[in-house]
Amino acid sequence: MVSRRGFLTGAGMLAGAAAVSRSALAQVPEAPVSENPGTQPPPAPPSGRPYRPVVTLNGWSAPWRMRDGVKEFHLVAEPVEREIAPGMTAHLWGYNGQSPGPTIECVEGDRVRIFVTNRLPEYTTVHWHGIRLPHGMDGVVGVTQPPIQPGETWVYEFDMQHAGTFMYHPHADDMLQMAMGMMGCIVVHPRDVEQLAVDRDYMFIMNAYHIEPGSYTPRVNTMLDFNIWTWNSRAFPGITPLVARLGDRVRIRIGNLTMTNHPIHLHGHNFEVSGTDGGWVPESARWPEVTVDIGVGQMRAIELIADAPGDWAFHCHKTHHTMNAMGHEVQTSIGVDFREAAEKLRRLVPQYMVMGERGMAQMASMHMPLPENTLPMMTGTGPYGPIGMGGMFTLFKVRDDQAPDDYDDPGWYDPPPGTMAYRSED
Amino acid sequence: MVSRRGFLTGAGMLAGAAAVSRSALAQVPEAPVSENPGTQPPPAPPSGRPYRPVVTLNGWSAPWRMRDGVKEFHLVAEPVEREIAPGMTAHLWGYNGQSPGPTIECVEGDRVRIFVTNRLPEYTTVHWHGIRLPHGMDGVVGVTQPPIQPGETWVYEFDMQHAGTFMYHPHADDMLQMAMGMMGCIVVHPRDVEQLAVDRDYMFIMNAYHIEPGSYTPRVNTMLDFNIWTWNSRAFPGITPLVARLGDRVRIRIGNLTMTNHPIHLHGHNFEVSGTDGGWVPESARWPEVTVDIGVGQMRAIELIADAPGDWAFHCHKTHHTMNAMGHEVQTSIGVDFREAAEKLRRLVPQYMVMGERGMAQMASMHMPLPENTLPMMTGTGPYGPIGMGGMFTLFKVRDDQAPDDYDDPGWYDPPPGTMAYRSED
Amino acid sequence: MVSRRGFLTGAGMLAGAAAVSRSALAQVPEAPVSENPGTQPPPAPPSGRPYRPVVTLNGWSAPWRMRDGVKEFHLVAEPVEREIAPGMTAHLWGYNGQSPGPTIECVEGDRVRIFVTNRLPEYTTVHWHGIRLPHGMDGVVGVTQPPIQPGETWVYEFDMQHAGTFMYHPHADDMLQMAMGMMGCIVVHPRDVEQLAVDRDYMFIMNAYHIEPGSYTPRVNTMLDFNIWTWNSRAFPGITPLVARLGDRVRIRIGNLTMTNHPIHLHGHNFEVSGTDGGWVPESARWPEVTVDIGVGQMRAIELIADAPGDWAFHCHKTHHTMNAMGHEVQTSIGVDFREAAEKLRRLVPQYMVMGERGMAQMASMHMPLPENTLPMMTGTGPYGPIGMGGMFTLFKVRDDQAPDDYDDPGWYDPPPGTMAYRSED
């Protein structure tokens, strides 16, 4: 682990680490680190009240230590390297080796003690978004606490009074620290393990980065012009599919810590919003949807029955959020005189010469020379050829032979005869 | 019709057309074409189950052929010329001669067979947004089918299991093809013709284009900076008014296939959201609104009683969405020294000289020399002078003497004495 | 008052004022002017039906005159100077000396007569957003009335048929006039003073400006790139805190007249949306939230029990909306070689040299030389140091010893021992 943190080493940080007293470190629980950007279905809870664990998409859940009846977690805020998708790694800030940080899971009524160590080059705090807790635990710098300086370890301690879905993120230099990837999921399970129980329970946070093609570090002052649209800091085809067995009741908890709304659309099914970061939606207030528009700083839990076998697209419906960076400056040459357009474009980007005239679908299968550490704008390949997507796109894979606890990708769906679109002359 | 398609003719397309086998063409139903950008209230269904037809704003409904109990439609994806409003025509891609394509209407329980012929210069597919159907009919390129290549005709066939409001659009080169205008409405009526019945039932899709003043073809890589905001590819004053008789129950189904939310505001009435593309909203979950914020990829059906006679503004409440292109670079000179501002602006745009000093209302009645094929930014004239609007704006016209099946514009409202604002010295 | 209006004086306005006839002026009620950008809790109504007044955040309520059973108000549309926060004043357009104009309060069933005098250099109208009224009182220029020319006074007269929360704004040269600050709140109280009664009832409108650092007048053609995000034309730290007594039922009515959604987030509590500008939300349709995403042209009334003592952040969750202007062009130098970055930045903005390397938190306490009339991007100081916020941010202050009718800022919260985050070595 030391080696992969090499790029972050600096005088400020080393000094910071030294500032934590030895006696303090002795009391601080271990801070496990993940190096895996895949989805890691968590085991059943080893101690404390029982619950059905949530599956963090392209993430993991934080282990804890029970100490005098209190669940102790340890978050380390630090620079991390995150693989956005195969072929692109970003230099972000996160927790415990990844961005987002590990998911914190506990049970309604639990008392938690969360140690936060700051290994960043500037101060930070942690705000427990949506959780009702004492003023002094709210993590708003200047208002409820002093900043956590580099090298310091601070302790938050409070009761999880309400089951629900929450997020954690800094409330100090907010714009920069969230633009760098600092955030994580919190799930408080109901005390009654059967209450609101579902067969599959997923969670992720939507985030966005502005990383110029060929570079590694996000720009942090961007307000609107983000170009890498991610779920848990992963972009298609780097996002794990969501898997279900035919007939499963599925919950997907989705937080939004970008700068804009994301209308999340699921194919082949309809769903209801069953919860927010404020609590559960009563039955009388629910209605059916195929697209839920999630505002910034909101969490929406959606629920559905996986009643249609297949590979169903699941994505943000803003079409520029299902593409990766690049190409936005290219002019349309649809309908323009071919030779003139070709001449113009050849000077600009030689490879776009033909694309301009007829549309962009060819990009999905083109192999253009890309800058280093840059994802293709339109990418991914399915059983029938190029998919031509990027960003906030993955698949919801429903199978009748998927085992209840199997979260592995079952591969591509093979439709029964007579259930596929066909060429009229075939 | 041949002549107006002249601008789209190219070698690729002719070759494509030739690739459809003769036997296949013999089975393919006719693909009627509309040349009319006005609203065409459809007749009652000539065959199949009865229903009360929807009125597509500035659109029309696709005829069908019944064949062995299956409703057969034929969509032809092709370049089209669409009049955005009198004075501006756009070179778009659409279906059957227009953008959006014709509305597909059928009845819950119908089996449909939809032929899709590709006359575009690149591949496409059709995704039936919101409809629950077999995986292989979902139209996601690479995932559920190969691309429909230029010249090919493909067949989608499935049951319409649920009454509701849906949309169709490509799921191949999505961003470009939707930025070019490829989309259409789908209404599945309930099997019981009285269920959810209303007196007037309208539908349209919101879309947006980035067409530089003086040009005809949209830019297709735009993410945020669209400048032509349209309903069914029409901008005010090109959008037909919505007409109702006093006391009518009115439903308006509105889809959003732009890149941003549109808060749709109706004057003089309040309404409820009664349905989404996921289904109908139960009574217990409804509440009153005057502005519904519709996310991208969402459909909202709103319902109201037309209980106030008059001409009621009905528009997006983002003020730059009720204006046409141009003028956004002009600096304010409100409150600045007149002569200096005048000098600056005269160099930039001679005509803006006076406008800058006092506001922009004069633009609504100015006759500036505009580039060819360009709408004024603020336009339209009512009974009391210039309206100064553009884009996503029209009127909801309620009259006590409008016949139940009359959709013609009744002209301007003439308020009874004593019901109008007046000058205090009058 | 004459002196502070000096900057707006021009030939057009003087001529306009002279055009109001003397007999007309004799009938027009007084138009009181406020010079105070603070929150002014209104007294109980001096005449007419009783109600519990609303508190307009950083605003005030318009006095009225009863005349033959009609409530007469007088709005004067005019250029104003508005203090956005200490250190920055904007040259806006508003009503009666401020932007927003005074809140209009009345009771369900009241008949109102509202005089509108235009002292702007261009025509205007007033639209009563959300109110159901006769066509001729709707204020849409060209459609329901001619423009109110500079110097004219017009009269709107109608019954307030429904209790609720509404807004007023021009419907003539809409984009410019709202970009300049023309808007105000309307509250129609229920006839039964106990119906829907709460202990604290607040209201404000969200607005946004594009004012270049060092200048005073907004740019009026901005579509997306606003840089001053305000509540009732005030930015943090200029926004008054909202105060409540522990256990109070609190309503906050929030309108949005910007160009984008604002997700409004409250710490330490959850709430329900209890009303819109269309009416009240039935109990069966409500659900708990901690962040409500308010679309443009929408009003949302939220309700909660102030059950947690403390100083709770209350803000828009788009992080660039809780910052003031400046700094967005600065490149990240996080993780880049220090000396090279320093060299680059020194040439650009000398003061940013160190900030670039380690994050931006230092800005919250830096004292950079700013252009005249410019707020720091990150500002405000709390009991534990710099808060580093701006724009749409304030505090919700809940105290157990706050008197029921005390709206004064109680100062910073002093948490009981053992309820604050702490350093692990302490």
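Annotations
Here the chain labels run A, B and C in written order, and each chain numbers its own residues starting at 1.
By our rule, contacts are C-beta pairs under 8 Å (C-beta built on N, C-alpha and C of every residue); 3 or more make two chains touch, one makes a residue touch a chain.
Computed from a predicted model, the values in this text were never measured in an experiment.
The rotation that brings the Cα trace of subunit A onto that of subunit B spans 120°, given to the nearest 5. In summary, the pair subunit B and subunit C forms a contact in which the copies contribute largely different residue numbers, shared numbers making up under half of all those used. Put simply, the C-alpha centre of subunit B and that of subunit C have 34 angstrom between them. Under the contact definition stated at the top, the residues of subunit C that touch 2 or more other chains are 224, 261, 284-285, 293. Subunit C contributes residues 7-8, 12, 20-21, 23-24, 27-28, 79, 91, 115, 120-125, 127, 129-130, 132-147, 152-157, 171-180, 216-224, 259-261, 276-282, 284-285, 293, 295-298 to its touches with subunit B in the complex.
Of all residues in subunit A, only 224-225, 261, 263, 265, 267-271, 284-293, 308-313, 317-320, 322-323, 327-332, 334-336, 357-362, 364, 378, 380-388, 395, 413, 415, 419-425 touch subunit B in the complex they form.
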